[in-house]
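What follows is a single structure, written as structure tokens, with notes after it.
When the chains are written out, they are named A, B, C and D in that same order, and each has its own residue count from 1.
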Amino acid sequence: MNERTIREYSTLAIPSQDQLLYGVSPHPLTCGLGLTIGAGQVFPEINFTLPAMNIEPETWPDVVAHYDEMAAQILRRAVSLSVPGILLEFELLPPMTECPEWGAEITTVLKRHLIACHEKHHLPCALRVTPTDIRDQQKPPLMRTGEPWQRLKRSLELCAAAGADILSIESIGGKEVNDQALMYGDFQGIVFALGVLAPRDVSWLWTEIRDICAEHPGVVPGGDSACGFANTAMQLAHQKMLPEVLAAVVRAMSAVRSLAAFEQGAIGPSKDCAYEGPVIKAITGYPISMEGKSASCAHFSPLGNIAAAMCDLWSNESVQNVRLLSGNAPEAYTELLAYDCRLMNTAAANQGGALQMRNWMTESDEWLSPQAAVLSPDATIRIAAAIVAADTPYHRVIAAGNAAVRVLKDGIERQKLHITRKEHQWLTRIDDALRAFPADEGALLLELESQYGSLYDKASYGL
Amino acid sequence: MNERTIREYSTLAIPSQDQLLYGVSPHPLTCGLGLTIGAGQVFPEINFTLPAMNIEPETWPDVVAHYDEMAAQILRRAVSLSVPGILLEFELLPPMTECPEWGAEITTVLKRHLIACHEKHHLPCALRVTPTDIRDQQKPPLMRTGEPWQRLKRSLELCAAAGADILSIESIGGKEVNDQALMYGDFQGIVFALGVLAPRDVSWLWTEIRDICAEHPGVVPGGDSACGFANTAMQLAHQKMLPEVLAAVVRAMSAVRSLAAFEQGAIGPSKDCAYEGPVIKAITGYPISMEGKSASCAHFSPLGNIAAAMCDLWSNESVQNVRLLSGNAPEAYTELLAYDCRLMNTAAANQGGALQMRNWMTESDEWLSPQAAVLSPDATIRIAAAIVAADTPYHRVIAAGNAAVRVLKDGIERQKLHITRKEHQWLTRIDDALRAFPADEGALLLELESQYGSLYDKASYGL
Amino acid sequence: MAQSKELYDAILNGDAKKAHAVTQTALAVGALPMDLISESMVPAMDEVGRLFEAEEYFVPELLLAGRAMKSAMELLRPLLVASGQKLSVRVVIGTVKGDLHDIGKNIVASMLEGSGFEVIDLGTDVSPEMFVAAVEERRPHIVCMSALLTVTMPAMKTTIDALKTAGVRTAVKVLIGGAPVTMQYAKEIGADGYSENASAAVGLVKNLLTVV
Amino acid sequence: MAQSKELYDAILNGDAKKAHAVTQTALAVGALPMDLISESMVPAMDEVGRLFEAEEYFVPELLLAGRAMKSAMELLRPLLVASGQKLSVRVVIGTVKGDLHDIGKNIVASMLEGSGFEVIDLGTDVSPEMFVAAVEERRPHIVCMSALLTVTMPAMKTTIDALKTAGVRTAVKVLIGGAPVTMQYAKEIGADGYSENASAAVGLVKNLLTVV
């Protein structure tokens, strides 16, 4: 078994945390209908979904009507609040990927709204489309062959053809191992999933996505998200099911797999739910999307303000089309995002304002939770630097984990971060585990074979 | 007919806009379970209501269960995010005021949650209770006598006895005239409603509320809201049914009636939906509650950030107990408020930070809408100064209207504010109308007798 | 036609006195009521609607135009009735039981009136029994209900059920509206239509009539 | 009893090997299976539950304890069955059709197992037909369904309907859960219970059993 050698990113695109600001990135991206991301302003990225309902041929007209209504109301609000630009994200639900024509139909509907709005109001805007990674339908899942992958591929193609401006995905390679390892708090399994399996799948998958984009001029390969890994850990920590320190370290390590998409040609914006975004931005210089308090409709988090500190798009993750007192929830969250962005952009329009506001956003949350602590500009640079200094994904994951542990320990030492005795024990346990890894990923693979070997398909990872 | 002479408030408690900051007010208020408002920090005020359902004896247990669930989830989130304090607002729905025992029962339930949470987590907290002003059940409405008023009074008493820490109301005296005047854009009728009728009712009503509070030690007379006047105008402007400039001027004028509550003994915090709050704060020095982007669950507005610039409590206005992807909407909005407050408080903890953040919040919205323009610290001081310089509510309303028109015209002249030709015409029309009022309110009353005389009951206003 | 232009302008400018006077003069020199309506008044109200849609007019202008239209109609209605022309579509409207919000309802009522419908406004806090009584006594074509509170929305269903029980449900079309109301809710409770705002409400009534 | 304390500790510390060994020794010296269960194992799992509630234990400790419990039970189960003691309450669990989220479901399953129930895990994307078949073949007392997507929630209703059609609905209690699910939804579709999290789910199952 060969360790793959990584060509790119041995240095940071943004080497100093003073340049790691919201709204600006070294490689701004122009896409869709005149939207330039990362060139000075933060824009809302609004994501929306169906209320509780069946998706089947009989209800399909209702499904389309929901998306039609949501797009109209979101854009009405955006125009009424004079937003300087907006990104719509359409995250397909599983049946819409299973039946690629369905996803493409909604894509068309949404794009039509954007075009009309752009023509009438000159609103710079774009559409991100994110098919569901449905490759985990059998156990062990097949990643590179089989019906689910064929459908997913077709979904990506049809959505690109139907008007997507950006293609993204939340890929799940390695998750079959990570899920179990996470629940048992087995750090070896987690490192194997995040450092060996996941990066291999992301690399492979993103050459495919990059090629699809190449065939559809104007369609941009966006980015991936470690959602199924790090956000799962975050949810579990939120429910007091996993230690916060574990979730924090997993977050840092998850950046390595998402970086692999950029190594293969993704150019941003990364996904909103990818809280590893700042690390990606520091390394690659591409713009990122983030979410925090603005996503309280989709999940709670200890990252409300700090998540915005370095974002280029500010998102609500997902909200159902249910009625609130003001109107429908997607419109309500559009208003929220619009004002949050406006405040950030107002500060940024003043000399030194972006840095000041960024620091306050950071200070707001940084030491109230280990998960926030690893998201600060300082921690971001430390983790990013550790990653680029290592040579393979496997070593990078260990390096990222180590950097995160240092960030937490430093915080504790400086009496900034206060954690329970129990969390302390876990932090020590993680620290010890990180020191004990074999130098070679092949050795780890063998070591874990009996425990995890049956959970994943080797060929799916080129192993 | 006598013009009433105003004793209090001939000067400003906060004379300079540099001292008009969020989180601090000259007369901080300690109430409930150790919550001190206006002494340096902004706290969330969370308001919550039922989803679509009937309130009747059969459904009453479900109603109670909803409030029980909402309180538990809101406080869970508050604790989990380490908020430094929180205010819960319970706005009674009409049947809960009609049947005062019902309102009192919910008050008890909510207070029980606060007490338990305070004991377990030492969370400083308090409960604001706002019975519905149900006095407009007949036409013309009777304000000082009759069954509805008796029930409303009993509701205030029972809620005070059941554990309310703050009593508030959104009173509706004068609305019977204002509604029609507003819809016909009849400025004379509006001034009559806001300058003659409404202040008389507010003064009368608040001596009653003050007396009820006096009988229940620890219960604070909070404040009133011009919601039925100014927020109605805002909603209508939002729907493009009334000019924005009219809504802006009405907003400024509405402060006069709400001020009357403070003249009679209210000591804050004023109501969240009372966007006249900053003017009240500048004049009286009592803390205020405000809402903006945080209330997108309840209504849209052009005031998302600027509304926070001078607040002491930051509110969501109202949200139904419906399920979102993260959890229930009241819990989701608690998270939002918590982070917004945390960001403001973080900035304020730094030298000059509150002023800097306040200015950005102001700058964010100020010139994008006439309704935002009259909410700036500068406009607030100008309107407040105009009010205290005049002698009667009638003259104060005209003075406030004039000040608002000046604020808008200055903005236009400085090419900051851009409004349509049509809005311009209305602004001129309003300006002209303001010059044409008789010096004496008795003359206006006579002039409008034929048009509005049948809509209101003179005795209800001591006329 | 000069006279027609004067009436048209009077309505467009919301000048009720002028509209009344001009109509009187026109009738005196032999103008036909139906001509005045179709050549001056309807086009004027259409233009008012267009200006409103284009955000050139606000509600005040709309209501004043409606008032002017009404003052002209006062002169024409008896003539039309006498000549046996079936003119008016009757709409009963009200805010449901327990709910006192009436601004939205009033705007809908005014715009319907402005569009030439006969509107019977039952006010606010209208019980199901009162709606039923109004339907039985006034025989409207359309019943409109408004609700602004989530806790009064269910009264819309109760009212429709009461109409059924009274055996008059099929005699009318029922429209509902107000901020918390949705199309889905309208479907659920078996209303015939819903609209998000007052101008759409007028369109809705017109559409329904082609089906009545 | 010394041995009992060792088994208790082995489970509390999640040491499966030790738990197995200690149990073997205890049985060899004549301990009664039911005594081991009621005096060492159940108290250990109760303590694990308490520590979890007190936020002293996280899920990993919980799962490891469950695993240790299981390894001891492997030795005891055949003895209990042979002696004719009715022991186990059977639970069938799965994530509903179209839904692949399984973390929550897995935790619920593990905690139920940890509490001594026999759990048959059907996995994810389980069709109504598969639930029906499992009920018919395995005769569980309880069926648990999990859903994390709003678009798969309706499959819970479909599954309950399928159980009815197959005539086995009354033979089992049906529990549902998952982030988007609410108590109200449980009522609506006629489930027997709902809980917000895994530990409450265990309580729910225990409560239902006193009623079964």
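Keep in mind that, in the parts below, a contact is a pair of C-beta atoms (placed from the backbone, for glycine too) under 8 Å apart; a residue touches a chain by one contact, two chains touch by 3 or more.
Given the structure is predicted, the values throughout are model-derived calculations rather than measurements.
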Fewest touching-chain hops separating subunit A from subunit D: 1
Chain pair whose interface holds the most contacting C-beta pairs: A-B
Taking each chain's C-alpha mean as its centre, the one farthest from subunit C: D
Centroid distance [mean C-alpha coordinates] between subunit B and subunit A, Å: 40
Inter-centroid spacing, subunit C versus subunit B (mean Cα positions, whole Å): 34
Cα-centroid distance, subunit B relative to subunit D, in whole angstrom: 52
Per-residue multi-chain contacts in subunit A, two or more chains: 49, 320, 323, 325-327
Subunit D residues counted as touching two or more neighbouring chains: 150, 180
Arrangement of touching chains [line / ring / star / complete / other]: other
Every chain pair in contact, whichever chains are involved: A-B, A-C, A-D, B-C, B-D
Residues of subunit C defined as touching subunit B within the complex: 55-56, 58-61, 63-64, 98-100, 102-103, 106-107, 110, 123, 125, 149-151, 153-154, 180, 185, 197
Sites on subunit B touched by subunit A in the complex: 49, 77, 80-82, 292-300, 302, 304-305, 318-320, 322-327, 329, 331-333, 335-336, 338-340, 342-343, 346-347, 350, 353, 356-357, 360-361, 363-365, 368
Parts of subunit C lying in touch with subunit A, wherever the complex brings them together: 150, 179-180, 182
Touching residues on subunit B, where the partner in the complex is subunit C: 49-55, 93-95, 136-137, 139, 179, 183-186, 232, 236, 239-243, 320, 420, 422, 426
Residues of subunit B that touch subunit D when the two form their complex: 323, 325-327
